[in-house]
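Chain lettering (A, B and C) follows the sequence in which the chains are written, and residue indices restart at 1 in each chain.
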Amino acid sequence: MTLRGVDLVPLLAGCALGSVILAGCVVAADDSPPLTFVRLALVALAAAAAWILDDPAAAAVDAVPRTRLRRTLARSVALAVPLSVWVVAVVALDLRSTATPAGALLVEGAGILTITVALAAMLRFAGRDEPGDVAATVVCAAMVALIVFPHPWSAHVFPVEDGWTGSSVLWSALGAAAAAVVVAASRDPARRDRRPIAAHREEARGL
Amino acid sequence: MSTPTTISLAGVAKRYRGTTALDGVDLSFGPGITGLLGPNGAGKTTLLRIAATVLAPDAGDVRLLGRTLRSTEALHDVRCRLGYLPQEMGFPRTFTGFGFVDYMAVLKEWTQRAPRHDEVRRVLALVDLDGLATKRVRTLSGGQRRRLALAQALLGEPSLLLLDEPTTGVDPEQRVALRQVLSRAGERSTVLLSTHQTEDVEALCDRVVVLDRGRVRFDGAVTDLVATATGKVWLADGPDPSARASWRTGTGRHRNVGEGAPAGAEAAEPTLEDAYLLLLGDRARAEGVAA
Amino acid sequence: MTLLVGASPPPATERLTPRTLVGVEARRFARHPLFLTGVALLVASMATASDDLDATVNEAGFLPAVFLGVFGTVVAHQLVTSMDRSADAADASPTGRAARTVALCTACLVPGAVAVAWLAWMYVAMAVWPVPASPAYSSLELAAMLTAGVVYAIGGPLVGVAVARWVRMPGAGVLAALLLVGWGLLGTVGLSLPPSTLGTLARLHAPFAAWVSSDGPGAELWLSGGSPAWYLMYVTLLCGLAATVAELHDTTGARRARVTRTIVALVVLALVSLVLAVTDDPTRIPL
């Protein structure tokens, strides 16, 4: 039900843009998929995911019984939208072009989307109620820079011809770490444990 | 018979990057309405946020409704019985008034649709927004949005109601209506009301706490605070240089507030505002209360 | 008690206030973290470019287009929307929103200045590490291709200002930047089409044009058809169009009519420039 609080406009706009680009990639794919365009679409999907945790009413919402972690996890369900677009597109590309590294692309996409949400969660934890703008800017700028920057190690992150196994391992690890960050950064801001143990025991005895 | 304590703060402290917002505050609150007064930066909002469980103190002990907030369970239980109106609050862009309060009700775990909608309608009627419930929030005026924000705090008739400047931007007629709502709430709940409107505190509160620079300067009955200004408020044709605060009223005469009224001065009935000015003295003057 | 009544505000000349405002906006632009990141990435790429200066020359402004132009779209958008919360207060000031838009557009010269520095560096680098002269293009055409990098650096931010004025949606700046990138990449599809006017049009309609390509890895490089000079004029006019569209949002009355006529004129001129760029010899020339 917390999904109702997700701003659908940037989510769907980013997914729409990504879908259009991916549709073009599927149509244009021949021997090998146009990876630059495919990754551009992933940038758009990452931008869409960045706004999932935006909550203008956070000042009041933080005082509700449902914990921030539960609310974050509920909102993360919206990630299914850009993720579905990505999965469908990669499968379609794989059907069109046998040279498509489908598995590696799926891992890459899931990793990037999770990292985007993790960044938004960290910004939320730092007190920014609407982290979407900053999260989208950072993730998209980083992705564009890595795709474009003429440096050898950017090929490990976004391989073009080979190195897919290594990049899959990298994105899997980053995605797992990002998921852990989402959980850690969704800790309730009111929780703090500094009382001595004796006081806890007193409370447990109902004193 | 002693009043049950709903909120207990013991040695509560909070600092923001070198600024002390709360400096070892010891306060307890029970059923009824307590006003929180103080200049800007006194720590009122920080205190309310700590009591609303959205901010953890750096030191000290907080008990709400008899529970500490160490466990998720306790936090959950307290929040189920708590209503909080923040000082500043945004609204999701596309929501209607009804949709927003319904959304907050969902977050407060009103899972059954029919009773939830009934409750939403009830609180919207309390703040006189039932006729505007289907309008988008962004089309509402500032005062209407403030009332909408108050409506979400009233969901479920909370045992603990924390209100940070609830009447900001609200017109006088609506303010009186809200006083009726809050006074009824104060009969069964603990209400903490932070405001700059001393007349709201005079009208609603039995007790007032004055904070200044993170410390409690006064904690007691409103009448007791007002009594401290007895004999220290007088009217004159011009400003009195010895007065701590002096301003020209609408009648053309000057109201002077100071430690000692001059001999033969026409005494005026003190208000809570006068007592507040006397209590905080030069600090209040610097905040722009005096002319 | 002394009461000040009717004190006059400090006089502000018509010329002083806009200049001051431009300075303020330019400083905000120059200090934006994303702009600084883009500059750092551009400098880093320039540092590594000397190893393959040939390729950098052939890319013709690609790096400033991305690191200054595309990044600048988001920067400019955020500069405009950062004032949204205090819009009422700002709109009640003597400086109208239209004037503020002009100041923001002028501030887009900041990335342009960095791109000019990049351009100067390119010429210095070509002098220090001489690139073999190619019979494919003249020095004028080379200058046009490289100067386009400066125009890209200014155009992206101008698009950001225009989008911020017209589109009220979270993420509009980022999506606009992605659209620009997509449109530019779409233009590169024209490189794979046979050398023809249509193929040149498919390439040159985009806000970024690649001029050099090959038929495959390791194959000979060629310069594609079209006129770099007229293409430079085309993208420059697109920049003017973006700025004018941004200004249109807040103009009223006679001024609005003038701005509208300017937009129409710019569209016509841009189309003419595009036609002239495209109808130039489409033949591919080996480098």
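Please note the rule applied: contacts are C-beta pairs under 8 Å (C-beta built on N, C-alpha and C of every residue); 3 or more make two chains touch, one makes a residue touch a chain.
If you want to know which protein each chain is, UniProt gives these names: A = ABC transporter; B = ABC transporter ATP-binding protein.
Because the structure is predicted, anything quoted here is derived from the model rather than measured.
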| item | value |
| --- | --- |
| Most centrally placed chain, judged by C-alpha centres | A |
| Longest centre-to-centre distance from chain B, chain (CA-based) | C |
| Gap in Å, rounded to a whole number, between the CA centres of chain B and chain A (ABC transporter) | 40 |
| Chain centre separation in whole Å, for chain C relative to chain B (CA means) | 52 |
| Chain A (ABC transporter) and chain C: spacing of chain centres that average the CA atoms, whole Å | 30 |
| Residues of chain C whose C-beta touches two or more other chains | none |
| Chain A (ABC transporter), residues touching no fewer than two other chains | 7, 9, 130 |
| In chain B, residues with contacts to at least two other chains | none |
| Chain A (ABC transporter) partner contacts - residues on chain C that touch it in the complex | 34, 37-38, 41, 44-45, 48-49, 62-63, 66-67, 70-71, 74, 78, 169-171, 173-175, 177-179, 181-182, 185, 189 |
| Of chain A (ABC transporter), residues touching chain B in the complex | 1-2, 4-5, 7-9, 55-67, 71, 129-130, 188-195, 200, 203 |
| Complex contacts: residues of chain B adjacent to chain A (ABC transporter) | 52-57, 59, 61, 68-70, 72, 75-77, 79-80, 82, 84-94, 99-100, 103-104, 106-109, 149, 152-153 |
| Chain A (ABC transporter) residues touching chain C - in the complex, by the definition given at the top | 7, 9-10, 13-14, 17, 21, 28, 36-37, 40, 43-44, 47-48, 50-51, 54, 130, 132-133, 136-137, 140-141, 144-145, 148-151 |
